[in-house]
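Okay, got some structures for you below.
After this come two complexes, each holding subunit A, first together with subunit B and then together with subunit C.
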Partner chain A sequence: MSNLLEIKNLRTTFSTMQGKADAIRGVDLQVKENEILGIVGESGSGKSVTMKSVMGLLPRSAKVTADALIYKGEDLTKKKEKELRSFRGREMAMIFQDPMTALNPLRTIGYHLTEVICRYRKVSKKEAEAIAIEMLRQVGIPSPEERMKQYPHEFSGGMRQRVIISMALCCEPSLLIADEPTTALDVTIQAQILDLLKQLKQDRGMSVVLISHDMGVMANMCDRIAVMYGGVLVEEGKVDEIFYQPKHPYTKDLLRSIPRPEVTRGARLQAIDGAPPTLHNMPKGCPFATRCQYATEKCFEIMPETRVFSDTQNAKCHLLTGKEE
Partner chain B sequence: MEQEVLLEVKNLKKYFPMKNFFGAKIGDLKAVDDVSFVIYKGETFGLVGESGCGKSTLGRTILQMLEADSGSVIFKDKDIANLPKDKWKELRSKLQIIFQDPYSALNPNWTVKELIQEPLKNAGMSRKQCDERVRELLKMVNMNEEDMHKFSYEFSGGQRQRIGIARAVASYPEFIFCDEPISALDVSVQAQVVNMLKDLQQELGLTYLFTAHDLSMVHHISDRIGVMYLGSMVELGTSEEVFENPLHPYTKALISAIPIADPELGRKSQRIPIQGELPSPMNAPKGCRFCTRCPYATDKCREERPEFREIRPGHFARCHML
Partner chain C sequence: MLKYLIKRLLQAVPLLLLITILCFVLIDLAPYDAMDAKVTDKMTPAMIEQMREEAGLNDPLPVQYLRWLKNLLKGDLGQSLINKTDIATDLKEKIPNTIKLVLPSYITAFLLAIGLGLLAGRYKNTWVDKLINSLASIGLAVPTFFVALLFIYYFGLKLDLFPVMGMNSLGEDSFEDFLHHLVMPYSVLVIGFLPDLTRYVRSSTITQFDEDYVTVQKAFGSSAGTILLRHVSKNVLLPMITKLGMALPMLVTGAVITETVFAWPGIGVYFTNAIRSLDYPIVMAVLVLSGTLVILGNLISDILCAVIDPRIRVGR
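Right, the complex of A and B next:
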């Protein structure tokens, strides 16, 4: 499978009152065609910032640099802001965690959808409305004609998330970035939305980047998983490789700390001591060094190189003995 | 073995009156509708259900943070739902709560010491005793003594939740309502807090009523589980029974919707689809609360509310089909 998006050495720095904060410290990542890539990590690990950097959605206080951001063979870092603007939304679309705040409460659902369609496609208002109704039908909203005239408060959480997905799909993007799309929803609704995303990916042949902290969601949705910690991509691999042969100590510890089917009920979970590092006191070397039970002096001082274990799996740790890249 | 009952909830009802624009009452929102169950001493009782099903309201009504409309809550042979105020005050310290959001549950103007000793002062402890107890509690939740004079904002989410736990166990309680204590924490920190709750339970002989969004975590730590739907308890049984042999159609759908953190098992498992969404509790269906989404619903389900019956020993469900 060829790469739809290739990120090379992405670095994002925020300038804040307390000084510079390195949110992303050299991330290399590929999104292949027609796959679901999961990015898993805790809050502050940089999983959302990575994708927002690519989309160019960060505030001005952020400085984004990358060796290359290759999308469908074109390097986005060499494009002008104006060219990028038509790129976003049309080619890549993003949906966010909270369906309650992503919609304007004073505008109808129809307005939200037709606005997007008119902006990116050369169609009349009538045609835009027809497209919008079709989109709503595709994401499973009953009687879309009437729903077009309603306001966001008349929709439930799950329905709002469906509306947001339909907005993102209006311009038929090749890449959909879903940033914790189900965190605010209940389990039964979560299952419905995840099924919808899977279905849409299959029908349209698009790629999905799914950002989440829920290992359960990851296991059931993704083809490949990238694990992030402290602004570094610590491990990457196929879903089975990550769950059954994790290499990086963080991935291993993370999987041990959650209740899984093979863990007997009531047994003690293996907690990871300490808390994730904050952006202002990030260790120079491996971000996990402060909590890693195997950490040596080298880990604190030097950022580990990527070690390759198979065509699909690699991890960043000094203690692993895979091939060097 | 006959277990000792610590707390018994009998036909508990909590309705919130709904008013129209002019303040006239137009109906009731039945947040907790005729719920009965017992909690045994030393166990963890898990409550699961979607948001808006009444889990928190039930817990808070048990703790008398909300006044019950009818029914009784019997804690150690005393009906605390109908106790005179002065009598209740003596028992207050025995029932405590741990809140979901450790960021907003702690007063940012207070030091850790002040936060933890508030319940002690209320119980009438002297200054010296308070001091000693605060030290003891900090040790219990794996925090340093030096942290005593810091403010809550100097700590991470996990540490703040530990302060919340120290506050809850300060006054030697017997029953703690853990209202989503791990939902606001990072994944890698959740296990720390869960382990701590388990340790304290053994050390101090505590009884928990536990709710959480993460159903696999509730399954993991609870001895028995109650499933709620639109204010009523639809199923109750041991953790194994409810998760492995669920009886009620809602429980079946709910449990099959939990994403399993194992790709192989996830591919094999069959999800039971559930149509539509939770109806608003303001116009809950007349018969069985679940009839609007249930694939097996009959006319009887729509008309008549099923009884809460014991289907297998210790395993209750509220469904006409069983």
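Right, the complex of A and C next:
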């Protein structure tokens, strides 16, 4: 499968009150055609910033550099803001964690949808409305005609997330980035939204980047998984590889922290000890060194090289003995 | 909606009563009353006492208050102690003059503030924003009377462009003459109203641009300009309606200082004169009037919001 998006050496730095903060420290990542790629990691590990950097959605205080961001053969780093804008939505759309605040409270759902439709297609207002209603129906919103006239506050969280997904579908993007799309929702609604995303990927041949801190969600949804920690991509591999032969100590810890039904009741859920380092006291070397039980002095000082274990799996850790890249 | 309206109106009644009571008690505490103004050297204490009795000033306070309130409700605001004129008649003559000055100034400032505030908020931290914001800060710090004096000195005396006093030249009452007199106090008032409003619009624009829905719009390919016009502006303008309602009392007391400096024949001069000469009935009348307008203004802005904001509209 060919690459839809290829990120090469992405670095993102925020200027903050306390000085410069390196949020992303050299991430390489590919999104292939028609796959669901999961990005997993504790909160603060840089998942959102990575994808927002690619989309160009960060505030001015962020400085984004990359050797290349190849999308469908074109390098986005060489494009002007105006050209990038036409990529957003039509080529790659992004939906976010909190559906409650993602829509303008003073505009109807119909307004939101027809606005994006008219931006990308030369259609009349009537036709745009027809398309919008069809999209709402496709994402499973009952009686879409009436819903069009309603305001966001008249929708439940799950329904709003559906509206936002339908907004993305109106643009017919090739890549949908879903940043913790179900974290703010009830468990049953979560499953419905995830099913919807999976179905859209199959029906439309889209690629999906699914960001989550929930390993359980990842197992059900993804083709491949990228594990992030402290602004570094520490491990990457197919779902089976990550779940059955995890290499990086952090990945292993993450897997241990999944609640398992088969484990005897009363056994304690294992949380990872300690807290992630903040951006201002990040070790020079491996970001996980401060919490890793195997860490040596070298781990704190030198950023580990990528070790390759198969065509699809690699990890960054000094203690691993895979092939060097 | 009707139910909401009636509820709000009923809630306003006790507030209004409270205002009248407060005014009345405050004035009663003051060491001087209507009779002291009439007393002359030739009167004996007995005569004075008799006059007080006749005027009802020796009645207990609540009785006096109710009498005053009854007259107030009939539209009788009493008489000026100094000029013996009927206050209601005076106000009917002065208030329109004040409105002629304040209304155009406030509307101008309001519209300008929306434009400048949105611009500054959209281009936060750029030179445009810094310029607008520092001018607004300076404007806030400089007192109105000082601006008025500067205007009088430069445009009135040095350049002799505009008249510095009054609303009309003596014996003239053409519209052009009026406009000619209006320019300076109008400009001073616009400058007075503008900074606060601009900063308000700017900060709410900045707040709105930080909202999630703006990021979402960006993620769907909207330009910042489109987001400003189609999404942010609506969210910024809605609370501005509240401001508009609350500005209602300004129509009476919004220009006291400016009117005084320019000798504009509105409420301002009338009110300051009354204060200076301890003309209590006038002071009371103006206080009650502006207090009433404050409550009315709040009521109007709440109702407007309820009509316009879909979130409240549905929840009623």
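To be clear about the criterion, the second predicted complex is superposed on the first by the 319 of 325 C-alpha atoms of A that agree within 3 Å, B and C clash if a C-alpha of one lies under 4 Å from a C-alpha of the other, contacts with A are read in each partner's own complex, and residues count from 1 in each chain.
As a working rule, contacts are C-beta pairs under 8 Å (C-beta built on N, C-alpha and C of every residue); 3 or more make two chains touch, one makes a residue touch a chain.
Please read all numbers here as calculations on a predicted model, not as lab measurements.
Asks: Record, for the superposition on subunit A, whether partners subunit B and subunit C clash or fit.
Replies: These partners fit in the superposed model.
Asks: Is A:D22 touching anything from subunit B or subunit C once the two structures are fitted on A? First, second, both or neither.
Replies: neither
Asks: Would you sort A:D214 into first (subunit B), second (subunit C), both or neither based on which partner it touches?
Replies: first
Asks: Classify the contacts of A:L57 with the two partner chains as first (subunit B alone), second (subunit C alone), both, or neither.
Replies: In the superposition, A:L57 contacts subunit C only.
Asks: Subunit B or subunit C: which reaches more residues on subunit A?
Replies: With both complexes superposed on chain A, more residues of subunit A are touched by B.
Asks: After the superposition on A, what does A:E6 contact: first (subunit B), second (subunit C), both or neither?
Replies: neither
Asks: Identify the partner contact of A:A93: answer first if only subunit B is touched, second if only subunit C is, both if each is, neither if none is.
Replies: Once the two structures are laid over each other on A, A:A93 reaches subunit C alone.
Asks: I'd like to know which partner A:E35 touches here: subunit B for first, subunit C for second, both or neither.
Replies: neither
Asks: Once the shared chain is lined up, is A:Q190 touching subunit B (first), subunit C (second), both, or neither of them?
Replies: Touch status of A:Q190: first partner only.
Asks: So in the superposed three-chain picture, is A:D67 touching just subunit B, just subunit C, both, or none of them (first/second/both/neither)?
Replies: Neither partner.
Asks: With the two complexes overlaid on chain A, what is the closest approach of subunit B to subunit C, counting only CA atoms, in Å?
Replies: Shortest inter-chain C-alpha distance (subunit B to subunit C): 6 Å.
Asks: Once the complexes are superposed, what residues of subunit A are shared between the subunit B interface and the subunit C interface?
Replies: On subunit A, the subunit B and subunit C contacts do not overlap at all.
Asks: Please name which positions on subunit B make contact with subunit A in the complex.
Replies: Per the touch definition, subunit B meets subunit A at residues 50-51, 156-159, 186-192, 194-195, 198, 215-217, 219-221, 223, 239-240, 253-254, 257-266, 271, 274, 277-278.
Asks: Which bits of subunit A are touching subunit C when the two form their complex?
Replies: 55, 57, 60, 85-90, 93-96, 98, 101-107, 115-116, 119-120, 151, 153-154, 164, 167-168, 171
Asks: So in the complex, which bits of subunit C are touching subunit A?
Replies: Those in contact with subunit A are residues 125, 211-213, 215-223, 230-231, 234-235, 238, 309-311, 314.
Asks: Going by the contact rule set out above, which residues of subunit A touch subunit B in the complex?
Replies: Answer in residue numbers: 42-43, 156, 158-159, 186-191, 194, 213-220, 239-240, 243-244, 253-255, 257-263, 265-266, 268-273, 275-276, 291.
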